[in-house]
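Heads up, the thing below is written out as structure tokens.
Labels for the chains are A, B and C, by order of writing; each one numbers its residues from 1.
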Amino acid sequence: MKVTLKVWRQKNAKTPGEFKTYPANHVSPDMSFLEMLDVVNQELILKGEEPIAFDHDCREGICGMCSLMINGIAHGKKAVTTCQLHMRSFNDGDTITIEPWRAKPFPILKDLVVDRTSFDRIIQAGGFISASTGSAPDGNSIPVAKPDADKAMDAAACIGCAACVAACPNGSAMLFTAAKVTHLGFLPQGQTERHQRAVNMIAVHDAEGFGNCTNIGECSAVCPKEISLDTISRLNRDIVVAALKGIEPNVETAAAKAS
Amino acid sequence: MTGVLTLYRTSVGKKVIMALTGFILVGFVVFHMYGNTKMYQGPEAFNAYAVGLRELGYPVFGYEHLLWVARLVLIGAVILHIWSATALTMQSHKSTGANAVSGTRRYGEQKRQTSYAAYTMRFGGIVLLLFIVYHILHLTFGMVGYGPNEFQHPNYLGGHPEYFVYNNVVVGFQKPLISGFYMLAMVFLGMHLYHGVWSMFQTLGLNSVKYTGVLRGLAILVAAAVVIGNLSFPIAVMAGIVGPAV
Amino acid sequence: MSETKNETTTRTGVRQIEFVKGLESGASGGPIEQRWDTHRFQMKLVNPANRRRYSVIVVGSGLAGGAAAATLGEQGYNVKCFCYQDSPRRAHSIAAQGGINAAKNYRNDGDSIYRLFYDTVKGGDFRARESNVYRLAQVSVNIIDQCVAQGVPFAREYGGYLDNRSFGGAQVSRTFYARGQTGQQLLLGAYQALERQIAAGAVKMFPRNEMLDVVVIDGYARGIITRDMVTGKIERHVADAVVLATGGYGNVFYLSTNAKGCNTTAIWRAHRRGAFFGNPCFTQIHPTCIPVTGDHQSKLTLMSESLRNDGRIWVPKKVGETRDPRQIPENERYYYLEERYPSFGNLVPRDVASRNAKQVCDEGRGVGPGGLGVYLDFSDSIKRLGKAKIVERYGNLFDMYAQITGENPYETPMRIYPAIHYTMGGLWVDYNLMSTIPGLFVAGEANFSDHGANRLGASALMQGLADGYFVLPYTIANFLAGIKPGGVDTNHAAFVEAEAEVNGRVKKFLSINGKRTVDDFHRELGKMMWDECGMARNEAGLKKALQRIPEIREEFWQNVRVPGESNDLNQELEKAGRVADFLELGELMCIDALQRSESCGGHFREESQTADGEALRDDENFSYVSAWEYTGTLSKPELHKEPLAFEYVKPSQRSYK
């Protein structure tokens, strides 16, 4: 089959980008979307043009590195990553628009590659349980009710791909933040730091320039791991309880560090 | 400042303000709709309701005092609701304003994956604000929408307050254009309530997988009750079910 | 041959270190149960107040690297951590599905540290060090405790206690798991611990940075040269010790279950700087992967081995069969594993299942595109257990298969084929996980590891975390306690020279401007490696590969085309460097495979098999670790042998009949 690609090309963060059109004439329906791009890139290289830069790594839907807005949908389809999207989902002759994730906290590095280190900084604010190596008691000394363990796992399945931000009309990273707060908040080990964690992570979330949640649900709809919107409700609850307890953020944001 | 008072600083805190003020406003629209059904009982009952509102708590409280408290709370709620909405919208625009570099719109073909109502909150909110302003100028003050001498202002001629809200509603809604505008506004109100009521629980952290169905149902119920009730008034007037006082 | 070399070089003029070169593990003697404890007590410590004066570079942020960086940070060392991905959370450890072994004996079914040790040595076909494996089994229990405390959401029973399952044919239930995403959850645990240290300022993280060389000064690893993959800037980083935790080199085969970015560059560059390479030919093949669909194929996807519990593997009896599998009558199907191995049937170990699949495909009975596939048929199980049960057990795997192939595995048999999955070989390390370059430590899949010639299921995660959380923090301290911190900076001639070499290579890649792409060369190398140094190897094939690989390499340096610029995000340039190193490593793998003329574990030499086609070990001649030294000539590495002694587990022949 043949398709036409409209691809966002941008040399680096400082240079303006533009859409360019490329034909993809040797497409097999069995190819993954990224393999289709590989083939196009091989042709570009041999023609003496620069190949299209895009992020990818494991190509089995778990590392969270691949990140394309395909025809206006993050990862191109509900509940998959781009690497798991196959060309059989398209029709012969289609024109496919490919864009990078767009949000202020994700500067474009090149073409379709964006910088998502803001996610790491949200985790740094408190997305962990402070348990230094060696300090742990026996694993079975901390029983966790199965339903809680299952719900924690549902939220922990987040791969940090940032499709939620890309899909969100508000450019909010609330689903990502909430998934971690929910994962750790469902476990007894996570209780000690629970409310401090939530206020710290939100403080950094806001400082990084992410938008706020208006409960639209695009994030959850495109999430490859189908993280529930319910996690955001839990995050909100933790924030409200933290406020009632008088817990304030005690984390230094990147902006504060810089100034 | 500590505790609850610092909430406003974070995005979630602003949303909590949004939810709490929204709760007050939802309570108001439900009560408003319910109160207005008195017009079906005729001019006396309806006009007496208007007076009764002012006499709430009387004689323990002064005349109109409780009403003013309610009005102040409502005005405060509206202001905070709008303030947090504006602040949050600005925050979101900052995040989505990545077009600073590309100069193009964010998504060529943004594909909606969820309910339409969720997208109408900002635009619909502005429409509702304009509607409320019009509504007050119209039915409360009679400054717009009436011909000369059509609107009857309250008076104290008999030594006690006398209200003519029944007449004003009937005369006001007999004009199809105005009724049409009211009905259109109710569609926006319906969507605002449908998303807002559920959203309120979500924001306050009271939603969960187990209850989300129930809460969505509640949102539909509230939105439907308010919209159907409110739509019935202009329709009843235009259909002649509620006619001029004889 | 055995040699002990006393290095006379003094490191920053402090004290002399006796460095046993290459061939002895350095483990303490005595009863195996006490060796690690004895060794730990004997090792030197660094005073907590002095730790911040010591700097450690950790390359790689997976289970081993992430855990090591976090733990060293917690202990107060000055840590720099590097990864090529955009975040340490994306290391390929994340893709492990099945689980992690630990000798907790929570099931009360006869497990013990000794049994895990025994199973691992035996499973490794007696090519691993007993002392190392015992230590691995010992610390396995601490790993689970640590991970639970970090909030890893392991599967639980209704009582709230940890759930276990039996995995990979083990006779005890010792595998802890978090759905089918155990690797992801363990990695996120280490990642979160690492991010906590980054926030605390103890660890400085360098994502999108690729290590391109090790800097060795006065015989010690003193730093690395990296390339910032966004700006293209080549940078020098100095430290008192360097840890390589950069994963395996399965991508030498082009197609593997590794992530696209997985590469050998870090360990290969270290090898060229003097680190010995241990057992390079020991690679593991996983039998249940989704087959290749065409030339566009960029990687292979693994499906959990558990599928073999209920699926029956078969091929058509007729060579060149073209009918739909559902139309082929029972008597024309060849259930080759069930027929050949009546007692284990479809549950024979990974290597046996893989080799048999290759064999029937080589006979022309393979199914699917290119004839490289066998059927994995669930129709009997669906009949016997009902579809609901199969959905419950394998639903997510079936969905994944359907998504990738577009076929419905409930209706038509799945097609599977083996794929490269793990490399047991890697840089040679002693009991302290230090390579033959003092100060250069190697952890996780990157070292030649504790798995011998074959790794058991659910043991990779265990080893990565054992190295990172519980071994390196002790052994690095021991090393650092013996040296004075600092002493050199990045202006040292060795740094200047190494940077110049790296720059020269980058310039060279960009200047060739030939006619073939990097991927094209990689595919050619991969096919050669898969055909001649894959599931089954023989002398003629290996010799052919040894002749051809240098030719491919030569053509690569004449005719590759790398577009773009050096001072920019340039993914082709990144790939070029990696493939150039694979082209060198591939040759060493074939040399090693040719030299080891016995069969053992994942290394099957067709010349060395029993009458019924099983791998035949030659303990008399090959009971050693092959540690290869780079001599300056790629085709002539020098072999050093570390003899293996088996005091506890006596070597025996595996049998699955």
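The rule is simple: contacts are C-beta pairs under 8 Å (C-beta built on N, C-alpha and C of every residue); 3 or more make two chains touch, one makes a residue touch a chain.
Keep in mind that this is a model prediction, so the values were computed, not measured.
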Examine which chains touch each other and state the graph shape they make (line, ring, star, complete, other).
line
Once you count every C-beta pair in contact for both, which comes out on top, A-B or A-C?
A-C
Whose C-alpha centre lies nearest the centre of all protein C-alpha atoms?
A
Where the centres are mean C-alpha positions, what is the separation of subunit B from subunit C, in Å?
63
For subunit A versus subunit B, what separation do you get between their C-alpha means, in angstrom?
37
CA centroid of subunit A to CA centroid of subunit C, Å
27
Residues of subunit C that touch subunit A when the two form their complex:
67, 70-71, 74, 85-90, 92, 94-95, 104, 106, 142, 144-151, 153-162, 178-179, 181, 184-185, 188, 191-193, 195-196, 198-199, 205, 207, 230, 257, 259-261, 293-294, 296-299, 301-302, 400, 403-406, 469-470, 473, 515, 517, 519-520, 561, 563-564, 568-569, 571-572
Quick one: which bits of subunit A touch subunit B in the complex? Just the residue numbers, please.
8, 10, 13-14, 16-19, 69, 71-73, 78, 97, 99, 102-106, 108, 165, 167, 169-172, 174, 199, 202-203, 205-206, 209-218, 221-222, 228-230, 232-241, 243-246, 248-249
Considering only the defined contacts, which subunit B positions touch subunit A in the complex?
2-4, 6-7, 10-16, 88, 91-104, 106-115, 118-119, 121, 195, 198-199, 201-209, 212
For subunit A, which residues count as touching subunit C in their complex?
11-12, 28-32, 34-36, 38-39, 42, 44-46, 48-51, 53, 55-65, 80, 84, 86, 88, 109-110, 113, 115-117, 119-120, 123-125, 127-140, 142-146, 149-150, 152-153, 156-157, 159-160, 183-184, 186-187, 189-190, 251
